[in-house]
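Chain nomenclature is as follows: A, B, C, D and E, assigned in order of appearance, with residue numbering initiated at 1 for each chain independently.
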Amino acid sequence: MIFLFYFLSAIMIICALAVVFSKNPINNVIYLIVCFLAMAGHYILLNAQFLAVVHVIVYTGAIMVLFLFVIMLLNLNKAIILRKSTVTRVSAVITGGIFFLVLLAATRQTFEIHARYPFTSEFGLVTGIGTVLFNEFLLPFEMSSILFISAMVGALMLGKKDV
Amino acid sequence: MILIIILLLPIITGLLLLPLKNPATVRIIALTAAVANLLITLGLIISVPSATYSVNWTHFMGTQFTLGYDGISLIMILLTNLLFPFIILSGFTRSHIKIPVLNFLILFTQSSLLGVFLAQNAFLFYIFWELTLIPVYFILLLWGGENRRAITLKFFIYTLTGSLFLLFGIIYLFTLTPGLHTTDFSAFNQLHIPAHTQNWLFWILFIAFAIKMPVFPFHTWQPSTYTMASKQGVMILAGVMTKMGIYGALRFLFPIVPEGVLYWQNIVIALCLTGVIYASVIAFRQSNIKRLIAFSSMAHISLMAAAMFALNVYSLQGLLFQVISHGVTIVALFYLVHLIQERTGTLELPQMGGLKHVAPGMAILLLMAVLGSIALPMTSGFVGEFLIITGLAKQSLWVALIGGTTMILGAIYMLYAYQRIMLGDSNPAFSKVQDIRVLDYFILIPLIAVIFVLGIYPQPVLDLAEASVNSMQKLLGPAGEVISQLTH
Amino acid sequence: MKEISSAIQLIPLENYIGLSVALFSIGMMGVLFRRNTIAILMCLELMFNSVNLLLTAFSAYHSDPSGQVFVFFIMIVAAAEVAVGLAIVVMMKRNVDSVDINLLNRLKW
Amino acid sequence: MSALILLTVFGIIILYLGFVNNKTILAPVAITGLVATLILSVKDWNLGSKYFHDMMIIDNFSISFNVSMLIITILIFLFGINYYDRMEHHVAEQYALMIFALTGAFLMTSFSNLIMLFLGIEILSIPLYILAGGKKSSFRSNEASFKYFLLGSFATTFFLFGIALVYGASATFYLPEIKNYIAQFHGHLPPMLMVGLLFILIGVAFKVAVAPFHFWSPDVYEGAPTLVTAFMATVVKTAGFAAFYRLLGMGLLPLPGPLEKTLWVMTGLSLLVGNLAALRQTNFKRLLAYSAIVHTGFMMLAMLSQHDSSAAVLLYYTFVYSLATVPLFIIFIHMKRASLGLEELSIFRGLYRQKPWMAVFMTILLMSLAGLPPTAGFLAKYRVFILSISQGYLAISIFAVIMAVIGIYYYFYVLREAFSESNSPTPLVINKLNAALIIVCGTAVLLLGIFVWSVPI
Amino acid sequence: MVASIPYITLAWLVPAFPLLGFLITGLAKNRLKNNQAGILASTLVSLSFLISVLLFFTMKSSGQESATLTLFNWISAGDMKIPFAFMIDHLSIIMMLIVTGVGSLIHIYSIGYMHDDERVNTFFAQMNLFTFSMLLLVMGANYLILFIGWEGVGFCSYLLIGFWFKNPDYNYAARKAFVMNRIGDLGFILGIILLFFTFKSVSFTEVFSQAATLQTGAPMITLITLLLLVGAVGKSAQIPLYTWLPDAMAGPTPVSALIHAATMVTAGIYMIARSSILYNLAPITLNIIIVIGLATAILAAIVGLRQNDIKKVLAYSTVSQLGYMFLALGLGAYSAAVFHLTTHAFFKALLFLGAGSIIHAMGGEQDIRKMGGLKKKMPVTFLTFLTATLAISGIPPFSGFFSKDQILTDAFENNPVLYVLALGGALITCFYMFRLLYLVFYGNQRLSTSHPHESPRVMTIPLIILSVLSVFGGFLNIPSLFGGDSGFSEFLHKTIISKITAELDNTTEIGLIIASLILLGLVILLAYRTYVKKAVVPAKDGEKISVFGRIIANKFYLDEIYSAVFEKPFGFLSDFFYNQIETKILDPIIDEIGILTSRLGDLVRKLQQGIMSFYFFAMVAGILLFIIFILIV
């Protein structure tokens, strides 16, 4: 099982790095999709089947398609040579590295996290999530509709070409 | 009630002036209001021994809108109301644009100055304290002379810097008051602040007053501002606003941080004396008359500040007397200087000379004002400076000696200036200069009369001052004991 | 299924935290690294997802569904943001004919 | 709660009115909606109701902040009547987006669950990303929106990461529970939790533009359409601080030492950086942006002073600040139009000559921002100082005092321009409604300074 | 001591008349014509004189020593109560007589002298003001009233020296006089303040009655007397503050006569004599006074040898004579000092007025090298001038003999060296006075252009009256040696406590007198030989003279030294303070704070580069730093 974890993790890390370093936007998207698929695997490992499904639908199905669509729309599919200066790139890598180390150091568990509830694998399914979502989290759920409507309006407003 | 009238009469009149068009009407109404206020003040001094006006302004953290006065405030109020009619009157000559606005601003200044002197509450005091700056800022900005934009801003920022420290101090004191916090002076006076706190709090409070007065290293805004300011602006600044610093210091430092005062006394006196010498010496070589008088004013004010910190009956009495004396003298001097500038078109001493040939009246009046400034006996300046030097001598003979050098140095530079302006062979450039006119007499004769009358018969003002000093000693608490030990 | 569902007990939580931190750092590095706005948006997605992973892991560990609900909301927001962001990019492309993030630098000082 | 619903309903109504293609009815309807919301909000006063499993708590704190934001939004909408007069497209959307943003702000004032905070921030931000880019053909507007969006999203990821870490430790999103959880460590928090909290705080700090997370704000303020800038400078800041206060007051106070120190550093930095950068600023909108950073510092000072009255002071400060800022933008837009699109400080020259009363009100407004008596701005600062000094934060208070001086310098620099003679006076036409707005706000700023208004919370 | 002297309540009229004169002539100066102002002023001063005479006699007959007349409460602060009061006692009545008597003569003289001046009314107004101030000075019942007069006379002197204000040099001289006086005045006022602290009063009666209880040589009393001395040194033109007096000759000649010979400069003598009780308690101060007085007497006399301006010669002689008075004061012979003051007032006023008459006649010429042979043309002037010269030289029986002899005797009594030095000074005085006399009146007229003529009656009559006084003034105080009763001294002794009581034995004294007379005769002869026989005319300005002579002619370069030591550095300091400290340090500090802040502001602004990657970096850096911060702390 731990092997599965490492396998998926390795795919994710490699793909993520590829997203950062690959120059072609299309390739970026492809790597990102792979990365997200691996993440869906993780979700399943973590007993979050509902999330895994939603993740695949939303990210791989919608968001990444949107990315692809925009890339095509804007005709960016060629490898555009938009490279920062070497100094910037090196410092970006260094900063990223330091950040990783610092954050890793910070999140090292120096204290015991107590599990809130006894272990159960039931809640990750649609029923479990649904119950919580439409009960406790009903208000945020409703509110997110406002978020969507404004995002929609906004995307339309900005994306539309005014005559 | 009478206090609220005194406080609000100018500003309300000022507001009423705004829609008016005819400059003459505006001026006369403004003058009437100022004179009326002076009469009310005189009536107050004669009739009512003490009046306080208190209204619960708001429930906000226990702040009360309390007006009142004691002898110290009374002297300041007297000075303010005495000078403002002349300041307004001095605007009768030249026709500026926006006369209603100018007179409004002047009256606004008057009200806020009166507010400073009447407030019995530190918060109120502070509000009025800063409020005075606003109209003065505009008077300077809109009617000032050369380079006014930069200088005005510097003046404004400089003085505000000090004020904000004062605000900090007031709030700090506020938080120290027991129970339901309050900013009433009476509550502040009851505080017993630990000595080490007083030592730093002293400077927080003092810096605002030091800048306003100004005391030696904090004076750099003053000469340029005076030089640039318009006639009325400089009269307000030099005549009354410098006294705010003295009043504030008397109100805040001695009753509230007496131990701080005692701790820093010598340093502050040293600073003041440095200022005396420094300003006097500088004044000697100034070619611009206004700048010269600005430095002379600084020398006098520094002496007064030193007197304040000498902390004894003579110096305090002398100080309070000198407040009036210096106010009147400096206003007369600045008026004359502006007269000279208007008539000759220059302020530069090297270009002057021989004005006495064409303007003998002006020469005599200037000489009289100069006499008041150099403290010749029989002028009010002498009474004040004599008492001040006596007070300083009580502190130390050396202090008195150094302080007393203003007598010599003042004579040197003032008479030098007088000579440069008035004496010497007649100057062809000034052959068409007009002598004093009726309006000038209306302004100068009363002012100079005050100088001489107070020099010959200073007792009324001294009595007023005596009451104040006594009342202050009562207020003082621990410092009062110190002072009474010093004086008896 | 049982095996999978108990994975959380076999895999230490630290691993997930570490993975998540790594992903987050890589995403952040990407934001710093890239000039192509679209790539930066993708890196941002990466960062969002690292948070999602972390939340899910914690949720599983605590057996508390609210963490997963939160992830659900993050997905919603991410989708909305991507929509808006891409619209902005489209607008930008239309205006300056580029997706270089450093090209727009008139507003400064 | 009903207020919130009403507000969203009106947002949608406005959207639909966009189809009618009649611009004149938009603002009145929107304002009606806001007023109705205002009334409904006030009706909940002292009820202290909790909704949906404590997701939202509508208490007096949130109501007062909501009301304050509603009033400011009404002012901005009134300003909008004239402002959007020339705009052809998407006016309804602009109003609707602002209303939606306001909804998000409402969530931010009344959340008790981190998810609501998150959603609130996003609902507030996403419309603003769009609004900032409202002038689609303008590069500057475009740039503002672009920068705001990228930096905003970037900050959001940190915010979320923080939430995740806190959740990992405490297994809850409810603030009171988090508070209880933290309490068990007695101030010595494990690093993970600490970093989590730090990230959350940074996320919020970003929204209110606290240094060193302020970089977006000058650019965005400058580039965004003026009306949107006004909205951002006022409503967003108010909402951000309401959220900040709620976060600290309900969940995190007393803060563990390092975090508190971090926030103090941010406060000091905000005061310093904002002031210094504003000192030589020549663009008015940018100047206000930097000065907004300074005001943020003062608000932080009030908030961190941890006193019962902190909330009241914060509310007073934000409201007074907003009240002075909005009309300044109105004056600015007139001067900008008169000078054919310039945004430099010099466009104010000759204002006193042309419209003396406007110069006077501008004086009052700037004085209020500078914190001079007798304006409300002074009282606001005064109250902040009372808080901070009474809580013993003397050093930072002195520092703030010095910083206030610098502030006065640049505000009066602007003022000086207004009272200087102009070389080429262009005719200045002021819309009557806007004139009324300026006068009302100016008077209010004066009256609030003289007749102090305080809300018992 | 309520006024039991008859008519004492009239005392306030004495200063009131000149004040009235000042006000009338001052205010109506544009209305008064011709001699109206002069006549009015002279009349009023004469009236004062008459009242003074009246008071003198009533006082003498009543046997009262003093009386105080309080007008009103002047300054009262804390425990300080200073009334505006006059005190009439034997000393002040004498001074009043001198001031009003000599003053009225000079006023009358001025009617003629100033006749042609266009500002004659102003002149009389100022003269009246001066008389008023001087009367305040001598009549004041306490030190502060004295000080009013003290400064008042200084101010009037300023006005009158600079009377002809067209000339910048005159104005400078006026200013110099005032400032140097002020230097002394500062010491004086500090002395008064210390007096007040010591005795809780500044009124003469109280101070003196309390002083009796003090110990001799107490530091405080020494300090007080020294400070008062500083004032006296300034006012009475003693070393080192004497240089103003010669310059003060810029004023009209009557002014020199009144202010710089008869009255104002003697104020210092008066004041010290008045404070005799205090000075008796301070032997150190007295010694200092001796040194100052003697040095001044000799030094000024030496300088007088080489002066060519008639008024300058007289000015130095005044300084020199004042030195003698100081010497007397230092010796404790206060009454001798006052006596010399009195006789000096007569003959020095006479000399100045005579000089004025000459100048008047010469059409304004003051250089004695250009005069000569005036004896015939101006007989009255010559005769009166001669009596005055004899008087000042100390030839018996002229007044100067008696007064100077008393001082010399007292000096001998104290220390023969003093006597020798003082006598040397007297001989020099004699020499330069006769040099002056011979050069002016004998020989040939050296300036051909002018036509000298005798002055009008209004000028000569005062000359004659003064000359009579110069001749017979000495008889007021004939010492017992010549069978007199020393009436003057006795009269004063009721007020002034002189220190010297012992008398020299007669033989010694007569010996001394004879010796000095012989020497004087020799000196006169020398002068006669030099200036009449050989008709030596002093070198012209450009001519080469000996180094010593040059030093003397340039007044020991004292003015130059003062200029180099005080004036120039002061100007330099002023420039330095303003140009360096004020404009380069203090002012820029404040500005620099502003500039520095705005530079910093620019720096901070430049951070805001507008480039997104930078913003990302900045944000990450901030976050990183904060994380590290909280992890470390």
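We take it that a contact is a pair of C-beta atoms (placed from the backbone, for glycine too) under 8 Å apart; a residue touches a chain by one contact, two chains touch by 3 or more.
This is a predicted model, so every value here is computed, not measured.
Between subunit A and subunit C, the least number of touching-chain steps is 1. Among all pairs of chains, A-C has the largest number of C-beta pairs in contact. Across the assembly, the mean Cα position most removed from that of subunit E is the one of A. Separation between the centroids of subunit A and subunit E, computed from CA atoms only, is 103 Å.
Per-chain Cα centroids separate subunit D from subunit E by 78 Å. In whole angstrom, the spacing between the mean C-alpha positions of subunit A and subunit B is 71.
A separation of 28 Å divides the Cα centre of subunit C from that of subunit D. Those residues of subunit E in touch with two or more other chains are numbered 594, 605, 608, 610, 612-613, 616-617, 620-621, 627, 631. Multi-chain contact residues of subunit A (touching two or more other chains) are listed as 84, 88, 91-92, 95, 99, 103, 105-109, 113, 115-116, 136-137, 140, 144, 147, 151, 154-155, 157-158. Among the residues of subunit C, those touching two or more other chains are numbered 13, 17, 24, 27-28, 31-32, 35, 57, 59, 61-62, 64, 66, 69, 73, 77, 80-81, 84, 87-89, 91, 101-102, 104-109.
Chains that are in contact with each other form these pairs: A-C, A-D, A-E, B-D, B-E, C-D, C-E, D-E. Residue ranges of subunit D in contact with subunit B, taken from their complex: 356, 363, 367, 372-374, 378, 382, 385-386, 389-390, 394, 397-398, 401-402, 404-405, 408-409, 412-413, 416, 419-420, 451-452, 454. Against subunit C, in their complex, subunit D makes its touches with residues 115, 118-119, 122, 126, 129-130, 133, 136-137, 139-140, 142-147, 149-150, 153-154, 156-157, 160-161, 163-165, 167-168, 171-173, 218-220, 222-223, 281, 286. Every residue of subunit D that touches subunit E in the complex is listed here, in rising order: 146-147, 150-151, 154-155, 158, 191, 194-195, 198-199, 202, 206, 212-213, 215-216, 218-219, 257-259, 261-262, 265, 273, 275-281, 406, 409.
Remark: subunit E residues 605-606, 608-613, 616-617, 620 touch subunit C in the complex. Across the complex, subunit E is touched by residues 28, 31-32, 35, 101-102, 104-109 of subunit C.
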